[in-house]
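Letters A, B, C, D, E, F, G and H name the chains as they come in the text, with residue numbers starting at 1 for each one.
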Amino acid sequence: MTHSIEGILQAVANKELSVDDALLALKKEPFTDLGYAKVDNHRAVRQGAAEVIYGAGKTFAQIRGICEAMLKDGQECILITRLNQECAQQLRGVINLEYHKDAKVGIVGKLPEPDGVGTIVVAAAGTSDLPVAEEAALTAEALGNKVDRLYDVGVAGIHRLLAHMDEVMTAQVIITVAGMEGALASVIGGMASCPVIAVPTSVGYGASFGGVAALLAMLNSCASGVSVVNIDNGFGAGFQAHLINHLKTLDREK
Amino acid sequence: MTHSIEGILQAVANKELSVDDALLALKKEPFTDLGYAKVDNHRAVRQGAAEVIYGAGKTFAQIRGICEAMLKDGQECILITRLNQECAQQLRGVINLEYHKDAKVGIVGKLPEPDGVGTIVVAAAGTSDLPVAEEAALTAEALGNKVDRLYDVGVAGIHRLLAHMDEVMTAQVIITVAGMEGALASVIGGMASCPVIAVPTSVGYGASFGGVAALLAMLNSCASGVSVVNIDNGFGAGFQAHLINHLKTLDREK
Amino acid sequence: MTHSIEGILQAVANKELSVDDALLALKKEPFTDLGYAKVDNHRAVRQGAAEVIYGAGKTFAQIRGICEAMLKDGQECILITRLNQECAQQLRGVINLEYHKDAKVGIVGKLPEPDGVGTIVVAAAGTSDLPVAEEAALTAEALGNKVDRLYDVGVAGIHRLLAHMDEVMTAQVIITVAGMEGALASVIGGMASCPVIAVPTSVGYGASFGGVAALLAMLNSCASGVSVVNIDNGFGAGFQAHLINHLKTLDREK
Amino acid sequence: MTHSIEGILQAVANKELSVDDALLALKKEPFTDLGYAKVDNHRAVRQGAAEVIYGAGKTFAQIRGICEAMLKDGQECILITRLNQECAQQLRGVINLEYHKDAKVGIVGKLPEPDGVGTIVVAAAGTSDLPVAEEAALTAEALGNKVDRLYDVGVAGIHRLLAHMDEVMTAQVIITVAGMEGALASVIGGMASCPVIAVPTSVGYGASFGGVAALLAMLNSCASGVSVVNIDNGFGAGFQAHLINHLKTLDREK
Amino acid sequence: MTHSIEGILQAVANKELSVDDALLALKKEPFTDLGYAKVDNHRAVRQGAAEVIYGAGKTFAQIRGICEAMLKDGQECILITRLNQECAQQLRGVINLEYHKDAKVGIVGKLPEPDGVGTIVVAAAGTSDLPVAEEAALTAEALGNKVDRLYDVGVAGIHRLLAHMDEVMTAQVIITVAGMEGALASVIGGMASCPVIAVPTSVGYGASFGGVAALLAMLNSCASGVSVVNIDNGFGAGFQAHLINHLKTLDREK
Amino acid sequence: MTHSIEGILQAVANKELSVDDALLALKKEPFTDLGYAKVDNHRAVRQGAAEVIYGAGKTFAQIRGICEAMLKDGQECILITRLNQECAQQLRGVINLEYHKDAKVGIVGKLPEPDGVGTIVVAAAGTSDLPVAEEAALTAEALGNKVDRLYDVGVAGIHRLLAHMDEVMTAQVIITVAGMEGALASVIGGMASCPVIAVPTSVGYGASFGGVAALLAMLNSCASGVSVVNIDNGFGAGFQAHLINHLKTLDREK
Amino acid sequence: MTHSIEGILQAVANKELSVDDALLALKKEPFTDLGYAKVDNHRAVRQGAAEVIYGAGKTFAQIRGICEAMLKDGQECILITRLNQECAQQLRGVINLEYHKDAKVGIVGKLPEPDGVGTIVVAAAGTSDLPVAEEAALTAEALGNKVDRLYDVGVAGIHRLLAHMDEVMTAQVIITVAGMEGALASVIGGMASCPVIAVPTSVGYGASFGGVAALLAMLNSCASGVSVVNIDNGFGAGFQAHLINHLKTLDREK
Amino acid sequence: MTHSIEGILQAVANKELSVDDALLALKKEPFTDLGYAKVDNHRAVRQGAAEVIYGAGKTFAQIRGICEAMLKDGQECILITRLNQECAQQLRGVINLEYHKDAKVGIVGKLPEPDGVGTIVVAAAGTSDLPVAEEAALTAEALGNKVDRLYDVGVAGIHRLLAHMDEVMTAQVIITVAGMEGALASVIGGMASCPVIAVPTSVGYGASFGGVAALLAMLNSCASGVSVVNIDNGFGAGFQAHLINHLKTLDREK
């Protein structure tokens, strides 16, 4: 209802609405019409980008219902995060779902064509970090970004990372995913000239405290240009990288 | 020495350098020539942007020395962060320094013309958060960005923030600066469609634990698109915002 | 035995009791008769309000026994918190129990008519916070309060909350329930003119540390008039809100 | 400007304002006129209650300025919290200030007549907790409440507390102030039938961790009806107690 | 081998042992003969007191083996702590075991006659604290102490505790067992004139952090004469109380 | 007023007091007369033992006042803990004070003759732990105990401790004082057959976290019979050791 | 490919490779040939030492595949750490595996002959620490070290440790493994003249916080010459001890 | 008295000492002669190595006294750590002291000739880490080791570290010193084939928590062969590196 405040004012001007009733209407729902329901606006601009469903704590019936409603609306791609395997199997019986077991991510429909400014690099330190890295990568892809995966580039074998300097140097945004001591963010942050989003993972044991060691390391990165999201929050990193990679698009529309 | 690996190889091809000497040369300094010394490259592209000096722990003599060397090199703007008042006063005796006491930031020379894609909004919750907010804002300005300051927009008086919805909706990047419960990041994160960088401050007492409460709140933001830097790290936020706001520039050069 | 100290003294005055025996009696049980066994007194005044059973760690047989004793005593409503589903099913076989699965709350008998001063608003940030919110709401209802539920009003979509400003402005007490960054308490605390009781929930992951992030945020709320109960303690919030909402009733009895 | 939305609408109805201009006006400042600037409304109702200035971080000049403006506006009582001694001395030179050194509280003008429903009891465990207790008590008094002080009633000498059972049993609200192990909140919470607001203090050493031990104890109180504010937050407790003690007043005005 | 150092020296004096061999002997086992193998000495004095087996992590076969060896040695009572139910059931098939399910304590043989100086009081705050309280009480009984149990005397109903003042005032040692806010230790510590050993339990949820809240409260007790053992360490408290209650016996032997 | 309850009852029996007045009297001060004001009773038994003043936060005038009142009452020894040097110097001008600078302990009058059962051993790991150890030792001496000091017996030079096995084996109670890793408590706990009270100190740096490392080590001691007091709480340990060492005395009086 | 940089340079010198292609080759894989792929080089020197596989998170198929490839390569001993029992059983069906259930370590092939400088002592405090101690010991043995096991030498029975002074005094490196209060590291660190590597274990309960108490104790050891690895990291300690014990071997090769 | 046990035994054999007196002698000082007073033995072997004095908390007079006693004994080099500037200045007045202000290290006499097996590399991340790095380096030098300093090789400029690969590859032991995110330990640990000792420093702010972030990162290093000492413990790292670098010397003496 993008017309509502304007509509109310027009109605008042037209004497179709009393000042008192207009006042009440504005008090009751003064905001639904102001257009800052971010997701909707944004999406209107870029057909094809996925809708997102946070699957954790939702039942098969709920997710199915939301998906079917979205598909009916013409949505071509839906991203479901934190989707457990059992629920995924049930969904596969009724809709066209591609399920990434480790990342616990489901994709309904086909991924959109990338329409971002550049490439998002997702760099992960070890194989145990892949589920979180994939959540980030698939999120970015579902939202319409080209993603380059650099996996198993942990700093204990620095040559593996250095061998990929080209990708690091030409990325638009880099997502670094690491558990344990989380040093990857600092090393890449020092090499790259683009923004780096660091995702600590809960990979580790003992004094890793479920990802706290990596989180603190990333917050204290000696490299400039690194910011951090919550432990294991691959989606959050993928989403912010997507925002950065699509800023130009917004710019063009002005 | 951007020519070095190539130069060494050329010298080998020209028989001016033996294989053994070339091997030694490559082993000793194999990287200075590879071009990923980020700052240098980057700066070459954008004349005018400030050099940065981290003032904490440096003596007046050291800072003076670095400044004079930079100025000799033709640097037109130098940003000095965490510069204490005593040192600033001494510097003012010998160079043209503008000192921002609360933010502990010194600016040598004049700020460059903004050449970023859009505007960086710096939103701060309370007056006690201003020193950190100003560090972020001055950093961004010194690096060539247009900055819009929204101060005293803490969530306990939500109308003050809502009154600035236009700025929030049209920003290229938003830096939210808040101590205590750090809720500002979530509220702005929910309103904006651009990336939000959250800076927790050490403002508060008791169970704020020197900024930990705000840090945790920001990491757990229910709004997508929010990432976080270290407590009181205004510079870090300003720097990353600058990178995001200049991505287009880099892009054009391809 | 509200007569006991007085009775003992009377008996001494009547020479029915020696000073020594009276002294012993007073030393042994000097307090049961002093009338500060809060719950009992309180309840005597307000027939209909529920008795409360903390179900955690109690067996089916124990809860059944307590319930049957209370019902025999004429109790018309019994609230059982932290009641697991298995135990609830067994209880349903023998007594008239309404079970709220998510909130783990059982209600025996029918809810009393609200007899408080005004309305208690229970505001919850997200759907995952509902079990705790419902524990608070059902507790308040079982103790004789009118409850208004505002669910899914998390601050990342501030317009949803603002649309309910009337309820917020006219409440007698507000209970805010939120996990993750717990910002809801501050925003509502800034809007409302009545006391706000904040309940952090263990909803979240990673650096939410089982509700600690929300707890700290609420303790550090920049809004005046907010106090906090333990993580997930919906009952505690409901109980205190009830006390506040019934202060007038107590007052009248003076 | 309590007339503004209504005024805008009226102007539109009167054709004095175009729909577009009205839309702009509403977008720009849609909230200042909606009446939820809590403090203002509230105060309008109760003449005499103090305005509050948070003194920490403010200079003598700033506080003087605010005070003089308020006094000019006809404010009869001003409460200044966290006011350091040096600043207080300067203020005393220019305005009529009563300074409570330990509590770091300044009172300008005279305290209003109490107009709350009942009495607020402030109970403090030890002499070291008095500064925080006094901040709470003076806050409540400045806002128009009758306050009863029970000091030095720590649980290690339980008879001292029990000797004051009457005050505890008849209070409208009780504020319990304690550092170290913070047990006072639980003992009073178990005795009282009114809401209890617990204030942990940073009194203690070693494993008291600056008030964390008391804070955790209070959050985990086995007594129902206890809620907690931040460490050393005497003002917050006094303010919420005031809200509770004035609910009836609000009620009457309906 | 209480004779060994003396024996070696005698053998050297008798020329039955060379200086070198004596030196080697002293180096190899210089300590077994020095008499500080506490348990053995101690036990020799007080026949009847139980041997203790820490059951956690031991298999049925291991515990059975140790028990049978002890019984063969004439041991009349064996205390097995942290004994799981499955293992207890197997043991009951082969030896005379009394199993206390909640406390996870097994007693083989019959409890010794109490031979301590006075009575050990075990006071527990709530019913959930009973397993730990029973571990303490049974430990003390198995080591030959008279134990008085005061259960469900939590401070939220202070009258229940005050009704037992006689027991508190005449105890030789008091063990206080409490979870949540752990206030019981301070209240009893203030009432009693004997040493108080406090046992925090992991009872609670949310910000009780598995017993940390109670632990900190007890360490910060405002009452003198309180010391603390590890969370849930009923055995440790029972053992130290036993040492205190048997000091006199040691004294007599001098 | 040890006669009060009895006196009230007698007065009722004698018709000198009405039942109502007696009831009121009992409600108002029901406890001062019940005899559990521990310190007073206790002291009455043992003339000579010191009164204790906690000096922290008290002014010279306050301490002087309390001392003079006590001396007038015939008190022969007064122990003042946490007494700062400046205050001590002022006191020395007016009363007979012996000041122990490192321990921040002042002794007024002369130490009483030891009248405990046995000897209290105070063992300290390093020279930096001496202030806390001396606070414990002086407390015990002032309360009438024989104290044996074993200083500089840290476990990194285990032979120094083993050389004092006799003292350890014959003590009535042992107080172990250690910072850093706090291992002394476990080693002594394993050697001794008497109760061990462990005092963690804030000695150390980095990951000692102000005594937390030592505190945790002591709480987790693998030796039975060890209990713990707060960090740096020498007084608490000395006081509890005193209680244990005087149990026999109390016993005899029965 | 130890020849590669040299080979590339030679090819350039021989005009077999253009400067551009050489530059590309160096940029792409500049490091695999530089010789710091530590493990490979190292192993080449010492035939027989085991390869290591970190078993956690790897499937039976993956581990089998890696093993078979290694065996084909002529590897005579393979160490598999963190290998769960189920996976071990499957492996035993197809390759010659010796499985150490408690340590979760599998050894394929036969252990190499020890070729280190001296003996590595592995000292463990209690029986619950054995799994970690064995992981350390087996790691060291599989890498070619002589290992001496001193188990059950916890400091609460210091004589057991002192009886092994010879082993402690003559070791090349000592690994101390302890949970709970972790005091073993300090006592051994004080006795030994060789480097001590301390491994905290997660053995304990309550305030041991999963090994944090032991970790802090070890980091704060008052003995010089002690360094620490992560909680339960037996492999890490065994590996570093091996490096120290083989330094001489490396030295000889120079 | 290295002759004592042997001497006592000899005296017994010679009938110069009775068995009882010998027994007493052995009980009183049974250990000073057993040879595990590590430092003394060790030092006897290697003349020239420095004695160490921990200067923190010692007065000028104490340090002077110890130094003069040592010098009289023929000690040629004394290392004083944590020596404050004021005390150093006083010492310089009376003995030949070289003072390193940043490291707070004093050297009396001249450094010994290096006599270790190889070189100890001390690598530091940033200039703020130099005081701790220098404490480590000077400690190692004073104990007779050749030290190679690699300063300012933080991972944010990885090329600076890679340029020193030769030093890293040929070191006998490496000490890595870093604050903030502490990533240097992992990167060097991955490159080197020798033991790496990591020293976290308290350099940083906000969420570095005084060195905790770096400490956790180092404990969780993904590189094998890394162990860790306490925050800012340069001495500890230097001492252990020295032990490792001198193992061969000990070996030769066998």
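Simple rule for what comes next: contacts are C-beta pairs under 8 Å (C-beta built on N, C-alpha and C of every residue); 3 or more make two chains touch, one makes a residue touch a chain.
For clarity, every value in this text was computed on a predicted model and none was experimentally measured.
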{"item": "Common touching chains of chain G and chain B", "value": "A, H"}
{"item": "Pair exhibiting more inter-chain C-beta contacts, A-C or C-D", "value": "C-D"}
{"item": "Taking each chain's C-alpha mean as its centre, the one farthest from chain C", "value": "H"}
{"item": "Whole-Å separation of chain centres (CA-atom averages), chain B against chain H", "value": "39"}
{"item": "Computed distance of Cα centres, chain C from chain B, in Å", "value": "50"}
{"item": "Between chain H and chain C, distance of the C-alpha-averaged centres to the nearest whole Å", "value": "60"}
{"item": "Where chain G touches two or more other chains at once, by residue number", "value": "27, 30, 34, 36, 157-158, 162, 165, 190-191, 206-208, 212, 215, 219-220, 224, 230-231"}
{"item": "Interchain contacts (touch definition) - all pairs", "value": "A-B, A-C, A-D, A-G, A-H, B-C, B-D, B-G, B-H, C-D, C-E, C-F, D-E, D-F, E-F, E-G, E-H, F-G, F-H, G-H"}
{"item": "In the complex with chain F, residue positions of chain C that touch it", "value": "5-6, 9-10, 12-13, 15, 19, 22-23, 26-27, 30, 34"}
{"item": "Residues of chain F defined as touching chain D within the complex", "value": "27-32, 34, 36-37, 57, 200, 202, 210-212, 215, 230-233"}
{"item": "Footprint of chain C on chain E - complex, ascending", "value": "127-128, 157-159, 162-163, 165-166, 205-208"}
{"item": "Contacting residues of chain B [partner chain C, same complex]", "value": "125-126, 154-158, 162, 180-183, 185-187, 189-191, 204, 206-209, 212-214, 216-224"}
{"item": "Contacting residues of chain D [partner chain C, same complex]", "value": "34-36, 38, 41-42, 117-118, 165, 168-169, 172, 190-195, 197, 215, 219-220, 224-231, 235-237, 239-240, 243-244, 247-248, 250-251"}
